[in-house]
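As structure tokens, the structure follows; a few thoughts come after it.
We call the chains A, B and C, going by the order they appear; numbering starts again at 1 in every chain.
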Amino acid sequence: METGAQDGSSGYSTMDDYESLISTTDAELLKRAWQNEKAAPQILRFEAALIQRSREQIKLMEETVGEFTRNGIDPLTVSLYQMDLDRTVFLLRSYLRTRLQKIEKYVFHIQKTAELWNRLSRQEKRFAERCIEDMEKHLDQSVLSKLPSSYKSHLKQSSSSEEDDMVPEPRLDTYVICRSKRFLGAFQLDDRQFPVNIEADDLYALPYKSIKPLVETGQIDLV
Amino acid sequence: MYGKKGSELVKELASSEPGQLSAFNNDLFAQVIDECTGHLHHLGSLIRKIEELKKIEEIKKLNNQELEESEKQLLKAHNSGALIHHLSLLRNKRCLMAYVYNRAETIRSLGWAVERVLPEEIEEKLSGSEKEYFKNHAASLQSYMSELDLDLAVDMVPPKDPYIKVRVLEDIGNVLLSDQSANLARHAILFLRRTDAEQYISQAIFTLMLW
Amino acid sequence: MANYYDIDDVLAEQEFLPVLFQQGAEGVGLFDSGDDANEVEAGAKVELPFCLARDLHVRGVVAIDVPPYFRKVSRTRKEIEADAAHVDLRSRCQYFYELGLKIAPLAGDKSIGPFLLVAFQTRYKEVLVKAHTAASAVASKHLTLLTNEEVKLCEAGQSSTAAFKK
């Protein structure tokens, strides 16, 4: 909650202040998770705990705003709480939406890659399975059923293909803008001859592939 | 032949406006499928010939003989021909798949933007299978949203806050705004109505603080 | 193929190239007659789309002829060296860079890669400058010289300028 709405008559307790502090941190975490997910070409780990807490806080904020409105708290204060609520709800929705769109686009690849499949929430896994079903049926009906027998696969171009050569994948060598919270020192990127010094709070434009592990462990954030 | 018609289908995609669908080109699509049948036919007769020649090779081997040079060349030529037809089939498959797949992507984005029922002018551009795909996809999305009890198809742009946070850059003193009286002291951080703040922002008296 | 469904990749591979048949091919109606008995003889010079040419080249059925605009000694190279930004690459090949990158490993000419890079880098600046500043009349004339990849760059630049102004 933004500071500035210090109204003594609203009955703030120390517990409320503490909880506001926690939820501010969560708001930051949600924003970061949202930014990372938007910028990363690949789907990231599902922040189950954070999303759960965010949903609970949203509920709490909705109740608070309702209460304030009923008790005739001044419109400015109510507006500020409402703004916060709107922002948090937007981030949550956008975070989940971004993930769904990545799933839709790369569902065959995600299904084949255990590491990626395990990054999905339970509900996302169910959604992914339906996406696969819908797409397979559509491709089959429209194209594959009309082709000669050794060309009917939606994963292999023909039965003489050695591997699944029809599976779209995100490009991991796209450049992303990133920032580290801490000094990470000399970091060896794959295809550079000399290591890059990663200082805290500086912005860098790097290929996602080279910082992938750092993003996944939360050491670097995408912007 | 040899992928030309197939790429015409894909060219159609490339030349349409992003996010817009043209009518499903049933004619051209069917022509490409027909070409595939043609290639399969040629492939079949070439393979039969190849097997005949291979049999001859086997028999000759048993007699410690080899194929004549002309027979060897003939075998090579048939293999090359078969390869060309196989590659053409792969090419046509790719064009057909790319056509359907990329249209499906656009159809999915419609599912995010419109209600579960498509407007008529869009529906008449879709093939039968595409209409079904749209329905199925919308249902899959709906199922996910119900499980979470959260509507994701709203709130597509960040909320434009009626109140914004600004930092004062110059000492202006007390001003009467639409909903409050504020002291515009240098370095002060204030919450103001966006409409009130805009004139000061454009004069560089305020700077907008992003959340 | 991670980009199996990528429209630009599909179209880039449809670009035609001259090839020399190293051996005969049986039963191919390359001259559109669809006749079973049609054959191509060793030594025949034919134009094929890249997607076919590449696989046939790799199997030794044909030898790809590097298009003139990629060759070491060519008017295109001279024009790029002189004034890269104003060379009409689009008329040579709409998918100039994409095709060049695909041909380079097959052609055995190591200079193609660096040449593409230099051409792109020099023209890149011009493309961005025009994208952010040019009046529409100048801009549309300039567009006719650009390859597919460059047009996309230009459009991206223009849309971000427009978004910024909002």
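One rule holds in what follows: a contact is a pair of C-beta atoms (placed from the backbone, for glycine too) under 8 Å apart; a residue touches a chain by one contact, two chains touch by 3 or more.
For clarity, every value in this text was computed on a predicted model and none was experimentally measured.
Compared on C-beta pairs in contact, B-C and A-C come out with B-C as the pair having more. The innermost chain, defined by the distance from its C-alpha mean to the mean of all protein C-alpha atoms, is B. In whole angstrom, the spacing between the mean C-alpha positions of subunit A and subunit B is 21. Chain geometry summary: the mean Cα position of subunit B and that of subunit C are 23 Å apart.
Centroids of subunit A and subunit C (each the mean of its C-alpha atoms) stand 37 Å apart.
Residue numbers of subunit C whose C-beta contacts span two or more other chains: 4-6.
Shared interface positions of subunit B, defined as residues touching 2 or more other chains, are 90, 94, 97, 101.
Multi-chain contact residues of subunit A, defined as those touching 2 or more other chains: 166.
The residues of subunit A lying in touch with subunit B in their complex are 2, 4, 75-76, 79-80, 83, 86-87, 89-90, 92-94, 96-97, 100, 104-105, 123-124, 126-127, 130-131, 133-135, 137-139, 141-143, 146-148, 151, 154, 157-158, 166. Contacts from subunit B toward subunit C in the complex involve residues 1-4, 7, 10-11, 13-14, 38, 42, 45-46, 49, 73-74, 76-78, 80-85, 87-88, 90-91, 94-95, 97-98, 101-102. Those residues of subunit C that touch subunit A in the complex are listed here as 1-6.
Residues of subunit B touching subunit A in their complex: 33, 36-37, 40, 86, 89-90, 93-94, 96-97, 100-101, 104-105, 108, 112, 127, 129-130, 132-133, 136-137, 139-141, 143-144, 147-148, 150-152, 154-155, 158-159, 161-163, 165, 179-180, 189, 191, 211.
The touching residues of subunit C, counted against subunit B in their complex, run 4-8, 10-11, 14, 23-30, 32, 34, 36, 39, 48-49, 51-52, 55-56, 59, 61.
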